[in-house]
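We call the chains A, B, C, D, E and F, going by the order they appear; numbering starts again at 1 in every chain.
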């Protein structure tokens, strides 16, 4: 069995649901299986990795784990440029090193992966 | 205890979730308690009462019940004009007699109700 | 004032359990009364006694149970919404011949009429979804 | 071909149970194999043995069980997604000292690794949400 | 009668609702919470909505807990941040709530 | 490699995704299902999306079961209606699926 290229796509903001956490869990399992895993943040998903999130009483700051994805062998972290611009954000607002790419580049990227899971 | 004016607002389309069915259940209980109940359909909620829905194997056609709301003493059924227009629909596409109203009229209507529940 | 709370969102698909719980605590602190929290639609999932949240996750079920015990507020689960979704009290389990029940003892099952009656008695009603 | 199915949506907040079930039947009819249906996120609710849908509602749990019995397809529930949401197998109930379990016997509990392994073996993977 | 409109949906998913001013009218109050606070970080996104609210005499608040959890820095001086205690006060001061 | 993009979200909630052509590229296939079929009843709503798909050589299908359940009459000749068997064929013909 060859390794697959697996992409996790984050489309929703943190805290209001568990999509970010549960997508990340799939990514980490993929990395543990030595798959080639990459992450793509678009639409409100870019807020998953926004810097400056503060913990609040009794609510889990799920997104801290994103800062450590490199430690799990996940180096390809992409962010959609238009999604950032529309939200008044730029790559320096992100808590991890990201590659900013446009819609066309995302289309190409999706083509290059064997499995793409959206959350 | 005086009767309250209760409004149910339908904002999502049928079949993809149970919002329509469960909002209607609240409306019918309100009517059974002899409250003054009205229904408002807006955004994709207008599809709840679209005529011409066909049953499909194993899927419940929840919206048939809307055709009978008059029998339960619910006579005030409102539809948002812009929501219809944006979807290429008009009041003749609806399976019940509806009053078509604009955004401003909806604001006034909300003001006149004691309880407003959105689904 | 007497506030009636309606909760309709799921545990991990919405933030509604947390938002409603924070609101209820703030209302009590301000001297108001939460007469009832009514769980409807996917909100019924907030009453299961089988959930095992992670240590750092918000434990909605037990937080509601504790809130109710401290402040005497009723936690009511809609019977039909619960039956559809598999959130079942002990009596229902017997009635339908189900293999068990899974509702936390701090909650009780009622019909939508109880929500309607509470709405009539309350000074304010507030929905979290 | 060998198709792996991932199901992540809730029973009454999405149409995903129905869509996935219709797809799986059509795939079998076309001569393909559904190796596994994996239930993740709110999709775990499709495995409860406590739901009582109305007579004219789609009975996802029993339809999946019947489909699995007829076509030998594995129904796998994600352990962590289930524990968070209170969907619990018999073993887990003992492990956590819970008052009971509520998973239908046609389903079994596994970690996400099983999804990853099935994805590697399958010719196609399809998600319903 | 005045109404408290609570809004927990992201502008980026539900712009139509903001365009309708969430069906509020003069004297009503809007509280942005949960995903509705996300747009507060962009100085452009909510400008038109807030201008229309202002001229219609509709006050707009945001729940500070949801703002800080998400790491948003509010770009709109006309939006007052408040806690759950302020939320409770808004409900009591209004005659009813509508939850979008 | 070609991709099957399945889309189950209403245009009226998720226009941004349609504006990005659901990130499909030449030779890919789009299947509208569940709430994504709602907009097929309006001759205007999907016109721009479908024109762009057509010029990018992206085929667009819709699931007939979801169309008829909702009572929608499809206004777009370029959108082919198919059943679940057709859905299965699309998945097999593509190299993978992306579910929006």
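Heads up, the rule we're going with is that a residue touches a chain if its C-beta (ideal position, glycine included) is under 8 Å from a C-beta of that chain, and two chains touch if they have at least 3 such contacts.
Here the structure is a predicted model, which means the values were calculated and not measured.
Counting steps between touching chains, the shortest path from subunit A to subunit B takes 2. For the interfaces A-C and B-F, the C-beta contact count is higher for B-F. Put simply, the C-alpha centre of subunit D and that of subunit E have 39 angstrom between them. Averaged Cα coordinates give subunit C a centre that lies 26 Å from the centre of subunit E. Contact of a single residue of subunit B with at least two other chains is seen at positions 15-16, 18, 22, 43, 59, 115, 118. Shared contact sites, meaning residues of subunit E that touch two or more other chains, fall at 8, 12-13, 16, 34, 65-66, 96-97, 99.
The set of subunit C residues touching two or more other chains comprises 12-13, 15, 22, 41, 54, 57, 84, 125, 127, 129.
Across the assembly, chains come into contact as A-C, A-D, A-E, A-F, B-C, B-D, B-E, B-F, C-D, C-E, D-F, E-F. By the touch criterion stated above, subunit B contacts subunit C in their complex at residues 1, 4, 6, 18-19, 22, 25-26, 29-30, 32-33, 35, 115, 117-119.
Of all the residues in subunit F, the ones that touch subunit A in their complex are 1, 3, 16-17, 20-21, 23-25, 95-96, 98-100. Residues 8, 33-34, 65-66, 83-85, 87-89, 91-92, 96-97, 99 of subunit E touch subunit C in their complex.
If you check the complex, the residues on subunit D that touch subunit B are 12-15, 18, 22, 54, 56-58, 63.
Residues 1, 3, 15-16, 19, 22-23, 25-27, 29-30, 32, 124-129 of subunit D touch subunit F in their complex.
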